[in-house]
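Two complexes come next, and they have one chain in common, chain A, joined by chain B in the first and chain C in the second.
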Partner chain A sequence: MAASTGDTYRPKGYWVPHVVIAVGILITAFPLWVAFVASTLTLGQISQAPMQLWPGDQFWVVWKDVLEVGGGGGGRIITAPVSTMMWNSFVMAMVIAVGKIVISLMSAYAIVFFRVPFRTFFFWMIFVTLMLPVEVRIIPTLQVVSDLGMLNSFAGLTVPLIASATATFMFRQFFMTIPDELVEAAKIDGAGPVRFFFDIVLPLSRTTIAALFVILFIYGWNQYLWPLLVTTNQNLDTVVIGLAKQIDTAGGVTEWNKVMATALLALLPPMLVVILMQRWFVKGLVETEK
Partner chain B sequence: MAEVRLNGVRKVYAGGVEAVKGVSFTVPDKTFCVLVGPSGCGKSTLLRLVAGLETITSGDVLIGDDRVNDKDPSDRDIAMVFQNYALYPHMSVYENMAYGLKNRGTSKADIDKRVKEAAKILAIEGFLNRKPRQLSGGQRQRVAMGRAIVRQPKAFLFDEPLSNLDAKLRVQMRVEIRKLQRNLGVTSIYVTHDQLEAMTLGDMLVVMNGGVIEQIGSPLEVYADPASTFVATFIGSPPMNVFPVSVDGAGILSLADGTRVGATSDHKGDLLLGLRPENLTIDDLPGATFVATGRVALMEPLGAETLAYITLGTSGPEIIVRLQGHATQPPGTPVTVRAAASAIHRFDAKTGRKV
Partner chain C sequence: MERKVVYPHLVLPYLLLAPQLIIIAIFFYLPAGQAVWMSTLLQDPLGLSVRFVGLENFEIVLSDPAYRETIARTFLFSILVVVVALVPALFLAIMADRVVRGASIYKTILIIPYAIAPAVAGALFLFLFAPSIGVISWPLRFVGVDWNPRIDGLDAMILVVLSSAWKQIAYNFLFFLAGLQSIPKSLIEAAKIDGANAKRQFWTIVLPLLAPTTFFLIVVNVTYAFFETFGVIHSMTQGGPGKSTEIMIYKVWYDGFIAQDIGRSAAQSVILMVIVVALTVVQFRYIDRKVHY
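Right, the complex of A and B next:
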């Protein structure tokens, strides 16, 4: 054997996993690259087959247009500017995520730590709604929202989506791992229900909250069916709705470069949330701080 | 500082389990009271009734002159140390100790003073900024103690606070708890199922079994004069030898196989005889009252002493005799076991109570 060179030990065929990973990345990233390239080309360039795979010179033109003016089919502007839509989506996703977390934190707290009459019944009621897909109750919900005059408003967009069986269930599971003695120690230390919630339960739930926030933010951001039903006002379009609107199915011309720019923009916030919260997210899913 | 008094306290859990069946005793001011008994006998329940963590089904709990039955735990002016410490995981040691005071509206300066004082007493000054998970078991135990003493409560309640520690640390903490309680002079109730802890810690021992009190007394009283076979076999290690004997018309006691044991009794009916292993000998004992022949079954040398397992008479019972130093008689060696009159405990065979 030659003298050790200080190299790390490399088993035979160590490059195989690397190649697999590289191929995986290419496969995943390729559509994104195509989308990006398309957003920098003119419509004419896009319609040539095969489409070129290196960026054109239209980046600023297309992206600025999309962000400030909006898009549509055949040159008609039928959506709000993407910047407005992004804001709408952001507000909607935030309100839904934060609202869901607040509501389910409180309901799980009530279910786990208080002897409410019928609490098992309530829990199962909540649990059963887990099994109902949103679509099943979407028409009755729409009726209610419409009766309450909440169509075409942020309230109508967000409130019906805030109740969350999944998040309640997750918090319940987490709360049940908090040892009884901790609750009792807090009682002896003079912490009433409100203090106990803010001083003990909330700080202990931080990682769970972070993990749920990521999931719920993306859930809210990606909503399509509900905003489609509740809003007709262009200024309330979310970016997902706007994206769909831009793809003209009525025989007009679809401005694919704008569509691609919009799609990439729509991708950014959820991605940022995941990247920024990644550490917390993983922590929340795998460990509990106890 | 206050005495703690229980008057006919009963606890029936929602499921119908009667965990505490009418218990009365008084722990005088500044006294260290140890509640001891086998698993499931209701010790923790009793402690939690005093703490206010469970509702009392009937009877009264008084702390000082206050009837506290309907008071919240935080208004009873007690502090509790739990078996798993129950430290707040997200708070530093300092915050853990300060939390109860903060909730009571104690001033910042006062909190700081008290926490630092307690930390000094417990030698945890170096850890005040650490989180509980960065501490060893023994250190966590100290923090839990610290959380109790900063409150300067009327009474300390301990529920098996040492059972999560290793044997060596347990002995060390046991001594420390005892010293601490002496110095602070706070009335304490300490729950344990470890009879060694019970013997060494308590000024006062309350032996429980099946939700009722078997005996109350100082550890040495309970040891020397057990009120029932349960107490006799529960306190002391190795436990007291208890075996049945019959009493004939003349009051002479004999084993099941007819072997006479020397001792007499005027009790009507069968008896259980109790003899502590340390009070027995296989050597000569002038004036011995209990004299019975038997054979060595096994010798267990422990270093400073030897435990001899001896089959009395021809067919038993097997008893343990604690011998000083080494003894190496092979199994089967005939021996005569003796004990003085004062070492013989007699219990009624039916009730198990002392006669």
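Right, the complex of A and C next:
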């Protein structure tokens, strides 16, 4: 009997899901492991096919080099130091995430808690932007940014991406669930709209804000087309753009150890955000997008 | 839809709405309008003058065999990405749903690729599949597969599909798992009592109940494959070799910035806009239906 051996009862084939998931994890982790190993080897070791799959001793050399100097094809330095690019990515992701959350909180609050003429019109105006991703209006948007003198600046990288139909919609949905009695009580106690927002609405919105922050930080960090268009100054390159620049697609030498170190550095911050804020993120993602 | 208790202010709500409305007016509506306008203009080869040509750019673009091929290629690419991103995700979710011990650790690891930028995923896969040194292409050559995505269009297509789909599996997994966990256990129990085996349970209960989730994910993944994979293509293959991995979004960028053919690039932008609108409408009809359940 299972109970007498102190073991729990296990149905036949209980191990099948574990094995399948182990394979899934392997597929997820393998590219990351290979990238890590490559970032600890010399170029010579990497080109020795088959490449070894355990780390070498070049970790400090390679990582210090990319962080402080940068990387490029064939020994030419063609990118800014990765530390600079990570800072650029960080600023861009933070400004976009916080900016989107702030202006969406404001517009959703205005639409839900005020009697505004044309508020349905405003709501739809914001909402329709979902159908206008950067990709379908790249040249004219770039023209506008250039006319405003925002090329090669953090403002140009971030401001045009700060509007958010998704965040406005999520906050609106959430605000609709706040009971009328609460607004009534606040009014009786003499709380005006500003006080009501900071004392009641904002604290109640914490979970929604946390969930949105994860999604929007990753959105900002992972931008590709927009920074590619707006910046020509390599000191403003984000780490994702810098990574692509390090790869020689024309057939020359690619310093794969540096490229892989940069790739890992590029994915570390968004990965940490997802892991550390997993609870809110999963809840927010699945509940809102459905 | 309407709240009963609201504040009566006249100025404050407009101040609150202003930042968002100003940004979307300047960076969304104005450029989108310009894209439509530019798509009706033809620039002379020297760029000295433009003239209004109505729908001629669309005629030129849509009758161009190269563009038609790009459309066909984009659809093929999107279908492949959707299938490769959905099927393993569903399979993994079903397995994760059965696991009791270790479930949260599994989940944490499996969602990591969601955080990875398409271009970064591209770099990782480019290295794994690099012709002579790649950890995966080496054994491939060993078993007689002459793998070289730099020369072979099919190899390049496989590579961009795998890199694009890999990171999307995490996202789909989360939704499938949430969908599975919302299926009442009593339904499965009832089916078991009626003698349905695992296979039958899946086809008659689980899959039909997952249909709304699956539909939603198909739309999201198609949108992803159409627009967000630009980073994968640009960083991995630049549309090559030849034109074998050139998808529509890459061609808009290429024709507009490299070939400097503004009118035709704008016409392509408008065509893509129509596709986004169609996808969004489909997505919302689905959400509508769900709300009325």
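We take it that the second predicted complex is superposed on the first by the 273 of 290 C-alpha atoms of A that agree within 3 Å, B and C clash if a C-alpha of one lies under 4 Å from a C-alpha of the other, contacts with A are read in each partner's own complex, and residues count from 1 in each chain.
By definition in this document, a contact is a pair of C-beta atoms (placed from the backbone, for glycine too) under 8 Å apart; a residue touches a chain by one contact, two chains touch by 3 or more.
Computed from a prediction, not measured in an experiment: that's the story for all the values here.
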item	value
Superposed partners chain B and chain C on chain A - clash or fit	fit
Partner chain in contact with A:91 - chain B first, chain C second, else both or neither	neither
Touch count on chain A, higher of chain B and chain C	C
Chain B versus chain C as contact partner of A:162, first or second or both or neither	second
Arrangement angle, chain B at one end, chain C at the other, chain A at the vertex (C-alpha, nearest 10°)	90
Which of chain B and chain C A:78 touches, first, second, both or neither	neither
Touched partner set for A:195, first chain B, second chain C, both or neither	first
Partner chain in contact with A:204 - chain B first, chain C second, else both or neither	first
Touched partner set for A:187, first chain B, second chain C, both or neither	both
Three-chain overlay, closest Cα atoms of chain B and chain C, distance in Å	6
Footprint overlap on chain A, where chain B in one structure and chain C in the other make contact	184, 187, 289-290
Residue ranges of chain B touching chain A (in the complex, touch as defined)	51-53, 72-74, 78-80, 82-84, 86-90, 99-100, 103-104, 147
Complex contact set, residues of chain A against chain C	16-18, 20-21, 24-25, 27-29, 31-32, 34-35, 38, 46-47, 49-51, 53, 103-104, 106-107, 109-116, 119, 122, 125-126, 129-133, 135-141, 143-145, 159-160, 162-164, 168, 176, 180, 183-184, 187, 192-194, 196, 218, 221-222, 224-225, 228-229, 240-241, 243-244, 247, 249, 251, 256, 259-260, 263, 266-267, 270-271, 273-275, 278, 282, 285-286, 289-290
For the chain A and chain B complex, residues of the former touching the latter	179, 181-182, 184-191, 195, 199-200, 203-204, 289-290
Complex interface listing, chain C residues touching chain A	3-9, 12-14, 16-17, 19-21, 23-24, 26-32, 34-35, 38, 88, 91-92, 95-96, 98-99, 102, 106-128, 130, 132-133, 135, 138-139, 150, 166, 169-170, 174-175, 178, 213, 216, 220, 227, 230-231, 234-238, 249, 252-253, 256-257, 262, 265-266, 269-270, 272-273, 276-277, 280, 290
